[in-house]
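Heads up, the next two complexes both have subunit A, just with different partners, subunit B and then subunit C.
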Partner chain A sequence: MTTASPELVLEGLARRYGNTTAVERMDLAVKPGELVALLGPSGCGKTTTLRMVAGFVEPSEGRILLRGRDITTMPPHRRDTGMVFQSYALFPHLTVAENIAFGLQRRGVPKPEAAERVARMVALLQLQGLEKRLPKQLSGGQQQRVAVGRALVINPAVVLLDEPFSNLDALLREGTRIELRRLQTELGLTTLFVTHDQAEAMAISDRIAVMNKGRLEQLGTPREVYDRPATRFVASFIGRANLFVSADGRTSEDGIALDIPTPGTWLLRPEKVTLDQAPATGPNSVAGTVEVVSFLGTGAQAVLRLPGGRALLIEGPASLADLRPGASATARWTPQDLTLIPGEH
Partner chain B sequence: MHASARRGLVAAGLLAPAALVFALLFIWPQLGLFLQSMPPGAPLAQYERFLGDSYYLGVLGNSLLLGLCVTLVTLVLGFPLAFLLARAETRWAGLLLLLTSFPLWVSAVVRSFAWMVLFFRNGVASRLLQSTGLVESNFQLIGTFAGVVIALAQVLLPIMIVTLYAVIRGIDRDLEHAAMSLGASPVVALWLVTIRLARGGILAGSLLVFSLSVSAFATPSLVGGARAHFMAVTIYEQTLELLDWPFSAAIAAILLAISISVALTYGRLLGDAKEQAR
Partner chain C sequence: MISLRSPFGWVLRLMAVLTFIYLLGPLFVIVAASFSDTGYLAFPPQGLSLRWYRQALGDVRYLNGFFVSLRLAGTVAVLSLLIGTAAAVALTRFRFPGRALLEAIFLSPLVLPGLVLAVALTLFYAAHPVAPPGLPRLVISHLLVGVPLVLRVMLPVLKRVDPALEEAAQNLGASPLHAFFLVTLPALKPGLFAAAALAFIFSFDEVEMALFLGSARDAPLTVVLYGAAQMQMDPTVAAVSAMLILLALILMVAQQAYANR
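This part shows the complex of A and B:
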């Protein structure tokens, strides 16, 4: 699969509105059957990128190729994309079955075949018995499944998901995203998925495209963007981060003793730090005052206030929660736990 | 006092002023009119006279045709404009909407005189038609059915546009996007989604324009001139020129009955449309 030619290619894709840039020259190649997340804070250009692929927003620059065809200026209805909208955008005047059948009818699929494909999709998404209902008569989770079914039943070349889980409550969200990932893998659907939720992106993506202010900051597997973030933004947006800026490799800007091979910005993930009551022992350990502890069930989190004023975030076993706020403690880590962020100087 | 009883009382209190005005100024005179149309001895004579005379039936048909034509013209002209305004991503949309309502700001009489100037044989509109060669060189729009349709459509267009605009604004744009990404061309998406969902607005706007057209007086009589055989104009003639009050009362009652039955039919259709769109 890794050697297959990409299904969807964005080449130098850009969108400007007057003087503001929504998306800045973006390159991305999605392989067949791959799920790529466009991840970033609101206003980072991820939805604009998705809408350019769908054909609702015209690119100011660049090209979009789908299965080798240039679709940059093609109207949406000829593109062969299946989109799931954040609001689901179910047709309120059509039943569940009619909603799912809409795309098949537009493609002139014969009635018996269309009915069979709708029935199969209804079964696949566990919507049996709801075929004759109108969208307003469904729960949020059911509406979401109809929206997914309507987009998948036409076998699109690429599935576009715009924050498909954001209108579900937390409990339903996790189950639904696992279900969707299972479906996507089973059917081998090439998928572009917009989200602002990094945990969601990590959980179900093959690769994540982290975007910020219209730029693609990093493209990589969830492990790569977590373990080796390319920029400071990626480091703090994906997971939690303690960052040290050091000009000489010996101490950080705020006076913490480090022992690192090169100057630069270094990342220390909270789960790499341990906390104990013994005094600090030179580089890669620092004493401070416990400020906040929170018990998280599977573990615990602590904030250690350092003399220089910085707050160091630590994640560890549940026993961390036994620490009393106000107590003195020492944070320790090994030099291997520090990762250099290459994009910063 | 029970809460529900108090609520009922409050509702009655809130309804009372409008109900009083409506009863005093509409239902009471309308009843009087109705009684007048049925003089003792021959209560149905006036109605028989109207329904038995092909001239008056023609007037009725003319008025209904006028209502239909004006409704169609405003719908065909108004829908694209309302759609574009509703979908415009500019802050000028509100101002443009305001601009479309300009005809409503001018008195019907002044507006009709303006149309008369344009419609006389040497008027710009008539000249324009003459120059196309489709009509004779002495053609004038004044006094024609088409002229009345044009003049009425102009003033009623804003009513159609504002009604449609509000409804189209309420339709999520992503519904059109969804239809298009599923393979519907923009025209098909408009037909299968937007127009279906705007049905309520289309019916409401049509009802307003239709009932205002069939009962219009100033524009048809000024632009239509002596040959303006429309209901409201006929009522005026019977009342003030021929002083045949029982007959004019009967014509007025017939016009009202038609307006009410059209409104009720529309109301039924509107209810269905709402039920579907919800």
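This part shows the complex of A and C:
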């Protein structure tokens, strides 16, 4: 997978509306069979990027290459993409089978072959028995699977997913995303996946492109963006973060004693912090007052209010929830637990 | 919610009944009078007879008028549907400056009294004979109201169609034109039928413009009826009117049945 040439390439892709920039000169290469998530808050340009690949938004600048072919100015219906829309956009007057067969008919696939491919997709997505139903006679989860089937049955060069799980309830969402990931890996589908949900992106992506205000902030594996975030935005958007800004490498701006090699902005993940009742012992430990504890089942979370006013977030074993709010406690960590955020000075 | 059993609820019921009587009363009078066995229009009808229906159906003036009206209303319905739907698509799918103003202008003929339109058009055609007199003029004039009627029905229908539908069709390989015909148009079907029925009924029942702009040779049914009502008030007029009401009723019921499928 690492040696193959990329399937989809975005080169300096930008979109501006008048004076506002929706997407700023973005470079991205998606390898064959790879699932890349475009992750960011609403308005970050992730959907605009996806729509540029599909051909519904014209780039102001840059190029899009699909399997080595420049498709930048190609109309949507000539591009070889299969998109799953957030609203699913199932054709309301067509049955499940007719919806799935739509793309095959447009491509002039002979009827017997089309019927066979539709049947295979129906079986793959466990939609047997629903072939003759209309979309409005299906549950949300079934509609979602029809939308996925309709996009996959044409074997597109790239699959585009626009928040495909956002209309499902929480319980269904997790099962569906695992199912989709399994399908994507088995069929070796090159996929671009738009989401605002960092947990969703972490769970099923090979790599995550974190976007903010039209800019690509970081591109990396879920581990990379979590463990070594490139910017303060990435650090706080992916997972939870305690950030220390230190000008001298000795203390943070709000007076917490640190022991770090260089000045800069440092990240301390909540799960790296331990809490005990012994007094503080110099750098990398700080005493405070327990403010809130929440039991999360698999673990617990605590907020420690420090003398400087900062709230330190701590995640640990369920026993953390035994602490009483108002009790004094000391947070500790080792210097290796601190990660320098390179994008900040 | 107000309970229908409360004293106020009874007032509401009474109001509803009175409103129905007020709205449907004239129709009832004319339909009842058409069955009268007298040589003049009488209400309540005296005797019971279908002879005025026989006479109306045998009268070549009414028959001719009916076919003129059918041609007129059919043409107006089809043209209104084409122009009105195209305008509605443009007004809902594209963003351009002055869109709201254009929408208001498109709908404005609906609020003009028919007589005002008729007089204005008569003056206009006198100065600029852009279309031959008779049916062509009448078709063009009826479009002034037929198109806004279609627009009025189709705008909300189009606004409810998910724009992602056409995008999905294009994404799957349909050209923009194919996408419209394969996906958007079928979603519009019930609306199209209602819009066409409205335009048809309007044109079929319209009097003022038909009187002012129609030719004597190709007089629509309403004009024939108007003439007859002035000359001899026999129950034939009532019989023809009753059949017109029946036609409108059939169209409305068919359209409702189609929409509720």
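Just so it is clear, the second predicted complex is superposed on the first by the 345 of 345 C-alpha atoms of A that agree within 3 Å, B and C clash if a C-alpha of one lies under 4 Å from a C-alpha of the other, contacts with A are read in each partner's own complex, and residues count from 1 in each chain.
Rule of thumb we're sticking to: a contact is a pair of C-beta atoms (placed from the backbone, for glycine too) under 8 Å apart; a residue touches a chain by one contact, two chains touch by 3 or more.
Treat the numbers as computed from the prediction; the structure is a model and nothing was measured.
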Partners on subunit A (subunit B, subunit C) - clash or fit: clash
A:233 touches, of subunit B and subunit C: first, second, both or neither? neither
First (subunit B), second (subunit C), both or neither touched by A:136: first
Contacts of A:92 with subunit B and subunit C, given as first, second, both or neither: both
Partner chain in contact with A:266 - subunit B first, subunit C second, else both or neither: neither
Partner chain in contact with A:333 - subunit B first, subunit C second, else both or neither: neither
On subunit A, positions contacted by subunit B and by subunit C: 54-56, 75-77, 81-83, 85, 87, 89-93, 102-103, 106-107, 150-151, 154
Residues of subunit A touching subunit C in the complex: 54-56, 75-77, 81-83, 85-87, 89-93, 102-103, 106-107, 150-151, 154
Sites on subunit C touched by subunit A in the complex: 162, 164-165, 167-176, 178-179, 182-183, 186-187, 189
Complex contacts: residues of subunit A adjacent to subunit B: 54-56, 75-77, 79, 81-83, 85, 87, 89-93, 102-103, 106-107, 134, 136, 150-151, 154, 160
In the complex, subunit B residues that touch subunit A: 172, 174-175, 177-186, 188-189, 192-193, 196-197, 276-278
